[in-house]
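Each of the two complexes below includes subunit A, the first together with subunit B, the second together with subunit C.
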Partner chain A sequence: MSTKQMKITGFGGQGIILTGMLIGKAASIYENKYATLIQSFGPEARGGACQAQVIVADDPILYPYVRECDILISLSQESYTTYVPSLKEDGVLIYEENLVIPGKLPKGVKSFSVPSTAIAEDLGRKIVANIVALGFFTAVTGIVSPEAMKKAVQATVPKGTTELNLRAFDKGFEHHKNGK
Partner chain B sequence: MFNEYPKQVHLNSGETLTIRPLEQRDKESLHKFFVGLPDRDVMYLKEDVKSLDVIDRWFAELNFKKVIPIIMLVDETIIADGTLHVDEYGWARHIGEIRLVVAKEFRRKGVAKLLLRELYFIAMKMQLEKLVGKLMTNQRRAIEIFQELGFKKEATLRHHIKDRKGHNHNMIIMSHMVDAHWKELENMHLQDDFSGDFSGM
Partner chain C sequence: MKADPKGVLTGTHFLDGDHACCEGALAAGCRFVAGYPITPSTEVVERIAARFPHVGGMFVQMEDEIASSIAILGGAWAGKKVMTVTSGPGLSLMMEHVGLAAISETPCVFVDVQRGGPSTGLPTMPAQADIMQARWGSHGDYEVIALSPNSCQESFDLTITAFNLAEEYRVPVMFMLDECVGHMLEKVVIPEAEKIEVTPRNFTKKKPGEFKLKETDDSMIPEMVKAGDGYNIHVTGLTHDERGYPNLTPKIQDQLVRRICDKIRNNADKLYMAEEIMMDDADIVLVAFGITSRVSMKAIDMAREKGIKVGMLRLQIIWPFPETKIRELSEKIKGFVVPEMNLGQIVLEVERCAAGKVPVVPVSNAGGAVHEPEDIFNAIQGIVK
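Moving on, here comes the complex of A and B:
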């Protein structure tokens, strides 16, 4: 991996920005890489679709905005519709399988789905669905190690929610590793 | 709720443990576990757990709606027992009380934390709003373990425990206000996703 450009998208309140922050934090603080995070400030952020743009690289990043999206994480239909055109050919799509129905994808795109909300509900807290998706993303892409990601989760989420967030991460990670 | 059991966990010391709910076939093993506890440990327990009559009664009254017993085993030997006590009805139906006992030779290996975490996960699935643990002031490591999972000291009841030698001890009630912690995360999501202010992360 030299540089990976990604967008994490969903609706406001799903923890989209936190998810982006965790990827960047894991890469930059715990794996000695470089990372940038930009939140969508444009009019597209109003009314539902929310996005975080994250770049992770081995070398310093000179421009923090995503120009060609290598990886798109989509946790809502509206965000999928809004941002899938930015996914480049041969990119990776990760989507919430009960909330997103994907349409025609750019050529060569590999898509992976995870029922992150259902898994989170099964754990007892729907709010950790983004962390389930983060675990799944980690297993699918291998951009950052699960250990670094878990350290970032541990250092960021409120005390008292850490253990369930880590479990949510493991569930998402295992979901891909178990080939589900 | 229990379809993920039995499951295995690995200690840093290299041992592999099995975690699962207590079953009727565990009566003898559980009795053996309690008999093996040092007298100092059982001195503070509410019941005479070394008595087979007590164990018999527990198994006869096993009701997962009131008490959820989770055990940890090495091979077929029980090395830790934890319970989550809930009231089906009444004013305390939103509260779960957690109790733990770990065999002496498995202490300071992370077993208590693993077991506490397991009971916490079950409590989350049950949508309990508050969890409590009752400890003595001198159980410092146990207090730390509860604190690591977000429990805080809520009250100290002075001279609340009388051990079998007749000495009084203070009891600490530690509690975990489940909803308050999750509300904090929810607010974090809302603030970050809508205002873009993630400077505090």
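Moving on, here comes the complex of A and C:
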């Protein structure tokens, strides 16, 4: 891997920016790679379109905006429709199985889906759906090791929720490893 | 002296440029901030509000920007290292007090996280169009120091430098982020307190009665006192004599205004702070700062692949402008390219110093998004042809 450019998208309140931050934190602090995160959001705190642009690289990142999207994570239909055209050929699409109905994809795109909200509900807290998706992303892409990602989760989530979040991560990770 | 460990969050972090600026201020010893939150600078004061009470500092959310900028001047005369934080629309309102800080020689830092203007403009999008405002926004003749970081790490590092320079020169120091650096997250390493050098305030050792508020030696920079130490002082925006008392004559005006300008102008070469990138063999030199300097690196890579010898002078201190350096370069290179996220501000300075000796090509952009590296590359190619 030299450089991977990705967009994490959904609506405000789903933990999109936090998910991007965890990827960046895991890569740059716990794996000694370089990472940038650009956050963009509308004036709405919740419900508005929201995206995090993350770049992970072996060398310093000069241009921090995603120009060629290698990986798109989409947790809402609106964000899927908006951002899927920016996904490059042979890129990777990860989407929320129950919230996104994918249409025609750019050539060669590999797509993976995870019912992250339903899995989170089974764990008792819908709020950790983004961490389920993060675990799934980790398993699918292998950009950052699960160990580094879990360290980032532990260092970031509020006290008292660490165990729940780590379980959510594992569930998402296993969902891919179990070939579902 | 070394930084107070209480304010230093030693460790490796993944922070945005705004948060890194807050940590830099804490490490530098800033303990009073007054502000009126505005996008895209809100994250700076958000973190300050959370962090300052734990280190013996104070943050006051004021009723507006005018109140914020005057409150910090009061805080400085009470003995604190002070800062206010805003974006373009707020900086416009604060300009009166930039002038007051300049004439009263109050050490203070104004953080401006630049967004698209004029007026309310583009609240959430980047620009670098306040550069001339930072230098010339208040009326009358005066000088400031202005810095611009191009990464989150540098937002931390240069905030400390900004505070140190404010103490050393007793001028308002403008810290010019752009929205991109402000809202971008990257790794930020904060060293141990004993590895951070901070400049303490130069308090006088003279006794009350012997001390004159604006008496200076060759440094042209007077010593300071603080409220409560028993000195009867008069701090005014009116033209004043060595004692600090109003004296509205052309002679005193000339002495005072020349001194507050010369203390920076005469030290301009000492205040040169820039990264010289691939300059050894460069025929063409880019002059850039902030996020634009990083985008420019892509253009340099593209040009070097085509065999064009391009380098970059990346300004960390923008004001005072590095006149000597640009004059020297214009004797030996073939041209300058000046990409900036405005319609042509620093390019005017480069043109002035190049004085017609070599072409100076602007790559302007009204703000809202960073340059496409191709646009900068095309300007480089234009000079070669």
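The working rule: the second predicted complex is superposed on the first by the 173 of 180 C-alpha atoms of A that agree within 3 Å, B and C clash if a C-alpha of one lies under 4 Å from a C-alpha of the other, contacts with A are read in each partner's own complex, and residues count from 1 in each chain.
Definition applied: a contact is a pair of C-beta atoms (placed from the backbone, for glycine too) under 8 Å apart; a residue touches a chain by one contact, two chains touch by 3 or more.
All of these numbers come straight from a predicted model, not from anything done at the bench.
Participant: Between subunit B (first) and subunit C (second), which does A:Y65 come into contact with in this model arrangement: first, second, both, or neither?
Facilitator: The answer is second: A:Y65 touches subunit C but not subunit B.
Participant: Which partner does A:I127 contact after superposing on A: first (subunit B), second (subunit C), both, neither?
Facilitator: Touch status of A:I127: first partner only.
Participant: With the two structures laid over each other on chain A, which partner does A:C50 touch: subunit B (first), subunit C (second), both, or neither?
Facilitator: Touch partner of A:C50: subunit B, not subunit C.
Participant: Just checking: does A:Q39 make contact with subunit B only, subunit C only, both, or neither of them? Give me first, second, both or neither.
Facilitator: Both: A:Q39 reaches subunit B and subunit C.
Participant: Taking the superposition on A as described, I'd like to know which of subunit B and subunit C A:S111 touches: first, second, both or neither.
Facilitator: neither
Participant: Could you tell me if A:Q14 is touching subunit B, subunit C, both of them or neither one (first, second, both, neither)?
Facilitator: Only subunit B; A:Q14 stays clear of subunit C.
Participant: May I ask you to name which of subunit B and subunit C touches more residues of subunit A?
Facilitator: B
Participant: Regarding the shared-chain residue A:I29, is it in contact with subunit B (first), subunit C (second), both, or neither?
Facilitator: Only subunit C; A:I29 stays clear of subunit B.
Participant: After the superposition on A, what does A:G160 contact: first (subunit B), second (subunit C), both or neither?
Facilitator: first
Participant: Which parts of subunit A are in contact with subunit B and also with subunit C?
Facilitator: 21, 25, 37, 39, 41
Participant: Flag every residue of subunit A that touches subunit B in the complex, lowest number first.
Facilitator: 11-18, 21, 25, 37, 39, 41, 50, 122-125, 127, 130, 156-164, 167
Participant: Within the complex, which stretch of subunit C touches subunit A?
Facilitator: 12-14, 16, 124, 180, 183-187, 291, 294-295, 297-298, 369-370, 373
Participant: In the complex of these two chains, what residues of subunit A are touching subunit C?
Facilitator: Against subunit C, the touching part of subunit A is residues 21, 24-25, 28-29, 34-41, 61-65.
Participant: Per the contact definition, I'd like the list of subunit B residues that touch subunit A in the complex.
Facilitator: 117, 120-121, 124-127, 149-150, 176-178, 180-182, 184-186, 188-190, 192-194, 196, 198, 201
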